[in-house]
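Okay, here's the structure, questions in a sec.
Chain naming follows the written order as A, B, C and D, and within any one chain the residues start at number 1.
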Amino acid sequence: MSTQTTDLRIGMVGYAFMGAAHSQAWRTVNRVFDLPLRARMTAVAGRDPGKVAAAAAQLGWQEHTTDWRSLIARDDIDLIDVCTPGDSHAEIAIAALAAGKHVLCEKPLANTIDEARAMATAAVRAEAGGVRSMCGFNYRRVPAVALMRQLIADGRVGEIRHVRAVYLQDWITDPQFPLVWRLQKDKAGSGALGDIGAHIIDLTQYVTGQRIAGVSALTETFVKQRPLTAGGSGDVTVDDAALFVARLDGGAVATYEATRFATGRKNGLRVEINGSLGSVVFDFERMNELEFYDAALPSDEQGFSRILVTEPDHPYIAAWWPPGHLIGYEHSFTHQARDLLEAIGTGVSPTPSFTDALQVQLVLDAVERSAALGSWAEVEPALTEVAA
Amino acid sequence: MSTQTTDLRIGMVGYAFMGAAHSQAWRTVNRVFDLPLRARMTAVAGRDPGKVAAAAAQLGWQEHTTDWRSLIARDDIDLIDVCTPGDSHAEIAIAALAAGKHVLCEKPLANTIDEARAMATAAVRAEAGGVRSMCGFNYRRVPAVALMRQLIADGRVGEIRHVRAVYLQDWITDPQFPLVWRLQKDKAGSGALGDIGAHIIDLTQYVTGQRIAGVSALTETFVKQRPLTAGGSGDVTVDDAALFVARLDGGAVATYEATRFATGRKNGLRVEINGSLGSVVFDFERMNELEFYDAALPSDEQGFSRILVTEPDHPYIAAWWPPGHLIGYEHSFTHQARDLLEAIGTGVSPTPSFTDALQVQLVLDAVERSAALGSWAEVEPALTEVAA
Amino acid sequence: MSTQTTDLRIGMVGYAFMGAAHSQAWRTVNRVFDLPLRARMTAVAGRDPGKVAAAAAQLGWQEHTTDWRSLIARDDIDLIDVCTPGDSHAEIAIAALAAGKHVLCEKPLANTIDEARAMATAAVRAEAGGVRSMCGFNYRRVPAVALMRQLIADGRVGEIRHVRAVYLQDWITDPQFPLVWRLQKDKAGSGALGDIGAHIIDLTQYVTGQRIAGVSALTETFVKQRPLTAGGSGDVTVDDAALFVARLDGGAVATYEATRFATGRKNGLRVEINGSLGSVVFDFERMNELEFYDAALPSDEQGFSRILVTEPDHPYIAAWWPPGHLIGYEHSFTHQARDLLEAIGTGVSPTPSFTDALQVQLVLDAVERSAALGSWAEVEPALTEVAA
Amino acid sequence: MSTQTTDLRIGMVGYAFMGAAHSQAWRTVNRVFDLPLRARMTAVAGRDPGKVAAAAAQLGWQEHTTDWRSLIARDDIDLIDVCTPGDSHAEIAIAALAAGKHVLCEKPLANTIDEARAMATAAVRAEAGGVRSMCGFNYRRVPAVALMRQLIADGRVGEIRHVRAVYLQDWITDPQFPLVWRLQKDKAGSGALGDIGAHIIDLTQYVTGQRIAGVSALTETFVKQRPLTAGGSGDVTVDDAALFVARLDGGAVATYEATRFATGRKNGLRVEINGSLGSVVFDFERMNELEFYDAALPSDEQGFSRILVTEPDHPYIAAWWPPGHLIGYEHSFTHQARDLLEAIGTGVSPTPSFTDALQVQLVLDAVERSAALGSWAEVEPALTEVAA
């Protein structure tokens, strides 16, 4: 850390689940990685004065405010970290970019295509002035996922034939679970689809290098009314589950499923990819492992190999512990912070860009259209055009 | 065996993979189970005189013939076991039933809906005269699958929300693999869809007690031409992979996938079912195990339990070995033979009936229609009406 | 089978668990494998006239007798298959060899070292006259175990450092389980040690090619009295569990454990071997799988690979089903029958020989001595000297 | 954190692997847990002036020094955290206790029994004055291990019959790996035995509540000479592997193995415990999981259940992430810091005490004696007597 002479001063908006995870990352990243920039936890913004003060103390932010706009107005803040629900992403991110602040925005990028497109356009414009933006698809930063991508990129899996992706949770199987914001369309945009489906869409597009070109989908809301915390009950206005088959633009076919009703699956993000030369399998509930089937080995020695992705030559690992000493969920955020500080510090564009995230939104949109119409829906490419 | 006074004399048509498996079952079933009927391997029929003679000697059939009709004409044969490719099922089975022979017919029941419907009608008519028929969905007879059904029937999984079924193989990933009959539509009816997709359709309908009501599908043929064994090459006229999302008539939503291009998956029939009270998971590559998640246990003790389905109180097992001593693939056929002998001997209708198998064909048909049209396809119920 | 012109006529003594397993093997072996000899199930002997008659009918033996000596006296019997408890092995096997009958004898070879040594001597003498003998360590014939041996023999594991072997069962954890013959020293010789410990001793010596040279052991009998089926209770005179550390003569160090009190482990024979270049792991509860860690692979791709040992180029498998279609416990006996028929038919000595089995007995003896004395015990090599 | 009014000011000695892990814990613990004391990272001591300065900057310590005694002399330090190799533990810890500082000392407690006994005596004396001490067996703080202990304490496993514990690593299988301090007896005390064997000794005694009463052991050094980093080579003076069978004072029998030559096992701490009512299994390479076999369930539903120990009602978890979001190795240190701050803050004695750690040393000593003599060695209880 002795060589780090430049601070990156951060203002975070939101301090709930994602805010806690991001804070842990900002506190840790420079303790573990050698980076050109040093993260400074300058201020956090939230709506409730008491809660935001407590969160600042608990999470380690130097200052706090109830006005996120004040963070953007400050000269001593370099990056806005957007950890709010999806309905406020566009407004905050676009304002921050306009003010010349770098932006890290949680996924899904926005609740509507229009908002997402506006954000992508703003990001491309800002990029021209050296202002960076990134969407927080943190699972890309799990070492086993990075290794998966690398094996595919190196041709070890060959031509990709099949993608099989599920993201299974079970936290709302109880019909008495209340109607939280994640179950309301105006706050969350969609249900399992945007919350966790977005992760497997991004992850599979990322590791395969292929774009989802079309889908045929169904969605379901199993529990249509739920208790309100204030008493009474209200309508669930998002999907409980979204399932679709898809074609990728490189020729693979795929199944996707996102649900919050898979009893016993707590955070079951699982992806299997079969190619002409091999297969790879990832399961987030065993996030330190990657399974790899190498069809180039002698036929009587082939098998799914459980690679413990904790070796020094695995992505991100050299900075951590010896082999076999696992890392956890929060490390994906620390790695995300690492990659972002590295990109900003060295002047390159971080990924996934807002345009990459718009692409995910376009898939979500196609899924909803297909489910509504009962027919195949094409996904348009996310081209971001900016007038000269 | 001393109490068995009645023989059931069998004529088998076909002696390849399925013929060998059925023969192993007929040879073994009365050695292991106490049954009201004793299987006699009377004669086997096949087209090639030399090969059918060799097969009879190898597999243990007393006689052999090149004329399957002669088996049906004989008075000393009670049951016709149809192990030929799907294009001849209807002709053989209908003739046998007409002659008053019980029929065991391999799956898929037929290559077309019309044939399957004719077979189901013939079976219902024959049933009135005490002539029994059964379709060979042998995976129903795996003890772990039977246990899965029992747990669901006992309400241990609760209201079923999700079915997740794949049948993954990889034996034709090599483009130089030849154009065998299973890759020709006129012989096989369809590709992965009918060969292995039919198994997961039947199995999930069987264990859930729900019918697939509608599907949205895609199919793909990755390798469109293959070498002929006689030289040159020919067109692959069936699907290499079939994927679909579905709704079951009891309210569950589902994904299905059948493929022969899942590198590393040899016989990967995997089914997961999530309900409001628990989940069950089966993987044929570990066919002696069933995973069960019981959400009624204390919350800090819940987990997917690996039940080794080899206890004396598990289905079929008391006749075999002590706990922990595994059984194999062929045992599913021995159990099928057991259930059929038991049903015929005690005068009850065996299952799955030809009507049950017709129901599977109707799903296959809907999958093909949906894939062709790019839209949702309803599955009609398999109602078998027989004129008085 | 058409080319098999010579019968091998078998007389089996004993018809309980092992008798049933051997019978299934004799019935099946020529249906599946092409062999120079054809097994004939000529006669079975047992003490109870009614039970042996029923067993003959159930298991498929042409004749039955209550006098095992009559089997040995017959000219039309070529091989005696000894499936009785260990206390009668020596008398039957030695008499059979003296009469010029080939002998297959279940493990453990005998209840005492003296008996085992006499049997080994008799076998060496008989061998000179072309009379063959083999001890039934059937787990050598599991394809995954045969593959394990082959990988080690091919140098893929390198210099062996560690052997880690357990055989865990739980069938007598209930103190009310009765005092069966396996819990009586005069019948069974020892408890878990000889019954299941013998298997892991033989298996590890077989796959490593190393001999156990010395041991330090403890044994325990947790439940010291048990109910008699006739009423009252009696003393358990064998070990419930035997644990030891060992040195192998090739330089490896090892741990061994055999117990019938490992709650939840039904037939948990697990062996792990670590060498300078790799490791192999086998678990009988997943007997169709072998795990292999190849340290010669690139460091970021190393992992324990789950080889599904069901490919045509795996040992024994070509005769069975397609890849991914599992085999079971009984197949190990069919493979044992195959190897024995092949050896006798082609005039070579089958393995494991009685001298190999004596070696296992010498280890069992050292374990008991070490446990009694609380000190290290050397294992003498099993040298069988026969006076000219 | 707003309620924390009291700081606990820490001086850490040593800053290598353990120092980094402890630092991460001190930085994080108050951000995640509500505690009566707030950890302050006051100063770190190390021998090399440049390196200790860099470490302080990297790890977040306010000051640094090359004189550990100066930390003890300071009034503004409340706790000494000993992260040095074992040969200096006694001197530092005893001096700190004498000065009235609380002490956290890494394991193994000391390199000799005499030192360990002196430390335990010093700790008991200090305790009378409210000065606390704890030995750093961090694996006790893995949530799955804490759950394992709780299940056993609640009687869910019944009377314990078997303990099966291994700690397998492979980082020195290469004979060219250099002669680091951990391979030198004067620095490290012993090899695999004290480094990792100590962990499984402590862990199994902790979760069972039983003490190892006697052992029969062997140790081995596979590679007897290794390169020195300064050139040339030197003798390896510690064990590469230590294996032993044992009896626990509650009646269980056990096997233990610690090795650095288990190719492919990176941090394979695995413990299985079988009792009369159930079994539990833990594998550190899957540290977020606990397997539990409950023999009280209906017999056809029993199986090893994979409990994902990430629920809010699991030990330590409520402070972290939602279910299914894993934690890693470093969290065991954060939990250790939490428990220590809680104990000091509320005025109770933390565990494991130095006397508990002395007990582990006495087992290590018995293992070495048994291996040297080739005979059973009793383990004396760790009674700490302090003269009035």
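Following the convention adopted for this analysis, a contact is a pair of C-beta atoms (placed from the backbone, for glycine too) under 8 Å apart; a residue touches a chain by one contact, two chains touch by 3 or more.
Not measured: the values here are computed from a predicted model.
**Student:** Considering only chains that satisfy the touch condition with subunit A, which of them also satisfy it with subunit B?
**Tutor:** C, D
**Student:** Per the definition at the top, count C-beta pairs in contact and tell me whether B-D or B-C has more.
**Tutor:** More contacting C-beta pairs are found at B-C.
**Student:** Please flag the chain sitting at the greatest distance from subunit D, going by CA centroids.
**Tutor:** Following the centroid criterion, the farthest chain would be B.
**Student:** Subunit B to subunit D: how many Å between their CA centres?
**Tutor:** Computed from C-alpha means, the inter-chain centre distance equals 55 Å.
**Student:** At what distance in angstrom does the C-alpha mean of subunit D lie from that of subunit C?
**Tutor:** Roughly 42 Å separates the two chain centres.
**Student:** If you average the CA atoms of subunit B and of subunit C, how many Å lie between those two points?
**Tutor:** Chain centroid spacing, subunit B to subunit C, equals 36 Å.
**Student:** Return the residues of subunit B touching two or more other chains; collapse runs of consecutive numbers into ranges.
**Tutor:** Residues 265, 302-304, 308, 311 of subunit B each touch two or more of the other chains.
**Student:** Where on subunit D is subunit C touching in the complex?
**Tutor:** Subunit D residues touching subunit C: 161-162, 164, 166, 168, 170, 173, 216-218, 220, 222, 241, 243-245, 247, 251, 253-255, 257, 259, 261-265, 274-279, 293, 295, 302-304, 370, 374-376.
**Student:** In the complex, go through subunit B and note every residue touching subunit C.
**Tutor:** So the residues of subunit B in touch with subunit C come to 1-2, 17, 21, 23-24, 27-28, 31, 54, 57-60, 169, 171, 265-268, 284-288, 308, 310-311, 321-331.
**Student:** Spell out the residues on subunit B that touch subunit D in their complex, using ranges where they run on.
**Tutor:** Its residues touching subunit D are 147, 151, 290-292, 294, 299-308, 311, 313-314.
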